[in-house]
Amino acid sequence: MTLTIEDLQNIAKIERDRQEGTTYQINVCVAAGCLSCQSGLVKEAFDTEISRRGLENWCLVKGVGCLGLCAAGPLIQVQPQGTYYQGVTVNDVSEILDSLGGSPVARLECSQHQAFFQCQQKIVLENCGKIDPERIEDYIAEDGYLGLFTALRQMTPGEVIEQVTKSGLRGRGGAGFPTGLKWTAVSKAVNNTKFIVCNADEGDPGAFMDRSVLESDPHRVIEGMAIAGYAVGASHGFIYVRAEYPLAVKRVHTAIAQAERLGVLGNNIFNTRFEFNIEVRLGAGAFVCGEETALIASIEGRHGRPRPRPPFPAEFGLWGFPTLINNVETFANIAPIIRRGGEWFAGIGTEKSKGTKVFALAGRVNNTGLIEVPMGTRLRDIVFEIGGGIPGDKRFKAVQTGGPSGGCIPEEHLDMPVDYESLAAVGSIMGSGGMIIMDETSCMVDVAQFFMEFCMSESCGKCVPCRVGTTQIYHLLHKISGGQGKPSDIETLGELCDLLKNTSLCGLGQTAPNPVISTLKYFKDEYKAHIRDKNCPAGACRMQAPEEAL
Amino acid sequence: MSKVLRIATTWLDGCSGCHMSFLDLDERLADMAPHIEMVYGPLVDAKVFPEGVDVTLVEGAVATDEDKKKIRMIRDRSYILVSFGDCAVTANVPGMRNQFKVKDVMKRGYLENSSQNPELPSIGVPHLLDRARPVHEFVSVDVFLPGCPPPTEAILYTISELLAGRVPDLKGKARFGA
Amino acid sequence: MKKPLRVDERSLRADVNPVRLLTFKIDDRDVSARADETILTVARQNGIKIPTLCHMEGLSEHGACRLCIVEVKGMSRLMPSCVTLPRQDMEVLTKSDRVLDYRRKILELIFSERNHVCSVCVTNGHCDLQALAVEMGMTHVRYDYIYPTHPIDATHPRFSVDHNRCVLCLRCVRVCDEIEGAHTWDVMNRGISSKVITDLNQPWGSSETCTGCGKCVQVCPTGALSEKGKSVAEMVKRRQFLPYLQMMRHRE
Amino acid sequence: MTQQIVIDPITRIEGHGKITIHLDDEGRVSDAQFHVTQFRGFEKFCEGRPFYEMPSLTERICGICPISHSVASAKACDAILGVRVPETGAKLRRLLTYGQYIQSHALSFFHLSAPDLVLGMDSDPAKRNILGVLEADPTLALDGIKLRKIGQEIIAGFTGKRIHPAWVVPGGVNEPLAEDHRKTMLASLPEALEITLRTLRWFKASLENHREEIRTFANFPTMFMGLVNDEGNLEHVNGKLRFIDYKGNIVADGVEAADYKTYIGESVEPWSFLKSPYYKPLGYPDGIYRVGPAARLNVCNGCGTPLADQEWAEFRSLERGPVMSSFHNHYARLIEIVYAIEKAQELLNDPNITSPHVRAFAQPNYSEGVGVVEAPRGTLFHHYKVDEEGLMTWANFIVATGNNNLAMNRGVLQVAQRFINGNSIPEGALNRIEAVIRAFDPCLSCSTHAIKNPSFPLLLLAADGTVLDKVRI
Amino acid sequence: MDEQMQSAMKSTEDRRWRLVNRTMRLHGHEPHALIETLHAVQEHFGFLDLDALKYVSQALRVPLSRTYGVATFYHHFTLKPPGEHTCVVCKGTACYIGGASGILDDFEKTVGIGPGQTTPDGKISLVTARCLGSCGLAPAVVFDGEVCGRMTSEAVLERIRRWTDHDPDD
């Protein structure tokens, strides 16, 4: 069976009619965060209550992806008013149904409503919280697969790449490599077999953007991959996803099956000669597999140990074939770019960082959750407007971006715009989008130690600087945070960090010292207090007895 | 060689082999005698480590609390401190006990392998540190002279350089283990 | 999905044209090279010494010890010369202060990782690691020794493995896989807990796949793999077989 | 109220040690303890190592007598292999041992004790060292340096390394002797003999000056232990153990190394890292015995070489029974050097000595082995157990110095009682207390449970720890 | 075990092995299916035992040592049978900032096992996760698959107590 544009439009119309047929629509978040707060039961309760009351034609209940404000789960949104309710339990169901048509249930209404939801601009997350991730029809109703159709039927592969290049989109996995350039490289590689790989091995502790996208809007990623496949000449794709995200895995599998059934994956897609298939491969708990060559090794069934680059995967990737590897969020941007044109995308953001970026806001901040803002948004706005500031009258201390590869940004830099260059300038990185807010009770030595412990145990062990260097740095930090450090340790730390940065084999080792470097830069006094005064100013570290100052 | 060099030697947790390698200077020791004064060491009768020592050669790893105290005192009183031999530089053989718990090491020696009065020595003997460690993990060291023991020629070079008022550079002149 | 090809990792650089010749500079000397020759190869051809540890002529490149790093003008990061191909007009420095300093630190890290007691080692005097320390002027290790606990496996009738002396260069893994074809060795765990193993991490003596050829022992740079019955300083490694086997295999 | 004197460190000995002397109310010496303050734990950390590494590993117990450790260790390993060492291999081990005797005894006599003997027990402590001797009697000092060098060169002649050579291995030695080395060694021996005989003459002539020391330096009846060969003559490398009582009667003879535990027990005293072995049948501490140069000359029927036999006879005529004063260890040491040189000459002239058959190869065939040798300072035991793969599971060492621990403690007491009286301490008295230890020439680094040598003032302490007197030296 | 016997048993006797075999067949018994197959084994058996590793090695033509290496490289795989109940404490950044290490400390103090360990009676396993992606709910703990947010030491230990107390009857 081949899908035509008419079919696609037809599906969209039927679906829109179905949804518009009811007066009210209740969207219950069924992403992992809210599910762990029993949102599944809340949805069931709505279904039961509505069928008990016989209101099926008046009110539609929909399980939707992430609404963003995970801290306040379970979240629901009532349409068409757009009212958000937080912390909804089974007991609140009747009351909410009763309120439809009247005034909202004030005690459940989201207090953070205004700033949190309104300061955002959504492209990647445009369907999150809106569509049922387990129904392809829902996606199609929101112009789903229109991008793929446009690419296949109205554009040459070169034109697709041109649009992507024009959009200025940069890799959302961390390093920010221009996506258009990467696609060009793969498309130019001479080989009949090429692969597309979607990196969904989101390993940063504190980041859950990819999980949310896959859980809330899996088709968007599939569509992006298929477009990429067309553009570079690949007919097979892999989604490499963490085994720790069972819900995401399940929804991706469902989505692939639906897409195959409908014919947007498979042979002769949209009556062209383009064929594209996607396989899911499970990660197994190795952060280093976020690195391209390690990821390739892992898909090939081997240890996830990186190899020296060049050659880059674009020339020599999976099983030696040219391979395009992009992150989930990168692929999620593709369909809108194709639908609306690269110029539209390039109009958003800053000069060198285009579009929007999804961040996972966590730590000592009121509104933890998932947000999407245009590149260049002020950090202060993210923390204090969208994030709602620091809970409990505590003082802001730092924000950590980029996960274990990133750095800690102190208050003095809060007014900077968030984009690739600015973050790099203050010693951090964009990374995949984890953003951890720390207040005065967080000890920066302890935080550095936490990240170094992570890097130490995630180091693949192949190259010496990373394998032994991370261990030595961790031991030094451990000594310092335990009150056993000596003054020369600070210098040694700096030296080791520099060594790792410049001599490690892969990105993990090269960036592992960033949390230490940035905390040493901005919070040296805290280190000194641990060493000189055997005191943790934040009160977070447990000092050991001062007997053996080794 | 204008002035007489005040030299001290001492050992912590070592086997005295480095000192023997020093004695292996043989007749050259006698030649050197007018230029050096041995102010402290196993071969002379001084009981107190003097102040203002020009050069101290330390053999052995730091293995006990007394070693630790001693090396700090020696550092304070020495202008140049030489880590003398592998035990001082790397902890070498004494460091081989570091894979075991002190308790188990003592137990083997005094409880399991004795037929009478099995007990752990505790009176007037120092307290063992958890790990025997190189000297420079405790105090700053100016010259590292590796080897098990360091070759006599390297010792001669070191002292000659010091006599000439230079800090010796032993890179490539001595190796671990030999 | 199409059945993937079996890829020989040694032919990784299929992306370069081996026929092309280029010229570049090593330590201010003009040198010429084939496009598929590594900087290390070219340096050695020209008598320029670069220290190596995981590199072994006749085995695939591992690129992991990082001792062969060199500075390439215009690049902030240092490049491992064993896997880096030169480009036209590239300027390579093999002995800049920066390079020497980093190399020494890396070597110190290697020494700090396991329990290297040179004085009582079977390869004392014949050890690549020990020789590197002399060559690179490393007289002590600035970092705290880690002192991990590692056992010795002496179950094999002829050889033993002492993990205390292993530097994880994986020469054993590569020679066993690439030359002997047995793939008895591999690495378990990761990061600092990485350890070379035989078969299912079982005693070497009980390995079903080991042919007992001893190639791994001979290529091991340190005393980690040695012949049983050899006392301290007695283990001298014989490696002439490796280029010979290479030659015999590639003869036409 | 009792008081304590602490001598810390004992100087001019090979290792770390200190002495505590207890005084009673009248200021008389009531007790004395000799502390060994270094501990390295060889007995434990050998665990898990392949036994064939042991000769070179245990060499690191001591930098002065590494050869004795490597030979004792290799003999324990031979027993584990269950092999007979080829004749030349055994001879080379023996030759190496004699080289070590020459250098080690020379060190003890010239570098460590000569300052007392030449300059006097009461001489200026600042000068009382080898450099002082060099000023006072340059010939003697240079003789010492030269003699030690000849011994060291014999060791280096085999191995290229004077200290910690890796040459003695299980089953034999790892390389045959080269002809040119044989010649060089042989050429150096006449001078060595000349030096030794000259020194021996000087020493015998000066015995008169040390009557008090001879009378008090551990001059009390004890048993003696040492190795003797099949003829009952002096033996350092092979042979069997002989125990004699204070009258010179043989109480045990022909004891095999493997049976040592039947005869020797080990006791721990809380004040020392050095254990106290004792003759088991008599129990602790009655089973006190002595080892070392004088003990060896006491237990044997003779030396078996012409010059040494002559000197031995003269030595044994000092007393009717065994020579009791440990001061005479110095004397015995010189005789043993003569013996070592004579034996070395004999071996080097043996045409078989350069034979290439120096090592027997085997897999481990026994799970346990004991090796015993006479180290310069006395009998040395290495006892190993291994698993099926030949990895060490257990080790026990009885070091030469350990055997003398009980006697050293009693010797210290004896000297202290003779020379210390009241609350002031003459420096010369303290030096004599140390000198008695020096006479035993304890190799304290040897002690897997060993002694050290830091330098602190000698204190006269009240029982509560208050300092009554302080001797600055 | 005799190889033929082993494979016979594994292909027929146990339904779980049939599922594992299916995974391998799906990938054409290609070596690159190793990780997928190990996932299948662990899913059906709870852990990877040596026999299973050997069987998978043979079926996929992967060297034994590589199979073992891969199985130990990835932290998701376990070679030890898990306890009856599993408690996963998230150690992601948000959870760490939120006090996960305190929970772990108290767990170890009270229950006596650290991360990666199982109580001697085989009842409870403690595991840490890098990030559950439930950062909004930090600190998060998973009890037998059920994610619970905003946990405290007391709440965790209370759940553990329920497991230990109730189990004799279960």
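Which chain is which? They are A, B, C, D and E, in the order written, and residues in each are numbered from 1.
Quick note on the criterion: contacts are C-beta pairs under 8 Å (C-beta built on N, C-alpha and C of every residue); 3 or more make two chains touch, one makes a residue touch a chain.
What you see is a predicted model; the values in this text were computed from it and never measured.
Using mean Cα coordinates as chain centres, the one most removed from chain D is A.
Among the pairs A-E and C-D, the greater number of C-beta contacts is found at A-E. Using the mean of the Cα atoms as each chain's centre, the chain most removed from chain B is A.
Ranked by how close its C-alpha mean sits to the mean of all protein C-alpha atoms, the top chain is C.
Centre to centre, using the average C-alpha position, chain B and chain C are separated by 35 Å. With each centre defined as the average position of its C-alpha atoms, the distance from chain B to chain D rounds to 22 Å. The distance from the centre of chain A to the centre of chain B, with each centre set as the mean of the Cα atoms, comes to 57 Å. For the pair chain D and chain E, the distance between mean C-alpha positions equals 61 Å. Within chain A, the positions touching two or more other chains are listed as 286, 300, 303, 319, 458, 460, 550. Shared interface positions of chain C, i.e. residues touching 2 or more other chains, are given as 4, 119-120, 124, 142, 144, 187, 189-190. Of all residues in chain D, those touching 2 or more other chains are 57, 60, 164, listed in ascending order.
For chain D in complex with chain B, the touching residues are 8-9, 11-16, 18, 20, 33, 35-41, 43-45, 47, 57, 60-64, 66, 107, 111-112, 115, 125-126, 128-131, 134, 138, 141-142, 145-146, 148-149, 152, 161-164, 261, 265-273, 275, 278, 280, 284, 394, 396, 431, 445, 448-449, 452-458, 471-473.
Every residue of chain E that touches chain A in the complex is listed here, in rising order: 30-36, 38-39, 60, 62, 66, 69-70, 73-77, 91-98, 129-138, 140, 146-149. Those residues of chain A that touch chain C in the complex are listed here as 193, 236, 277, 279, 286, 288, 300, 303, 307-308, 310-311, 315-316, 318-321, 456-465, 467-472, 475, 492, 495-496, 499, 501-505, 510, 550. If you check the complex, the residues on chain C that touch chain B are 111, 115-121, 124-125, 130-131, 133-135, 137-142, 144-145, 147-150.
The residues of chain A lying in touch with chain E in their complex are 32-33, 35-37, 69-71, 73, 202-208, 211-212, 243-245, 281-287, 298-305, 319, 360, 362-364, 368-369, 400, 403, 434, 436, 438, 442, 447, 450-451, 454, 458, 460.
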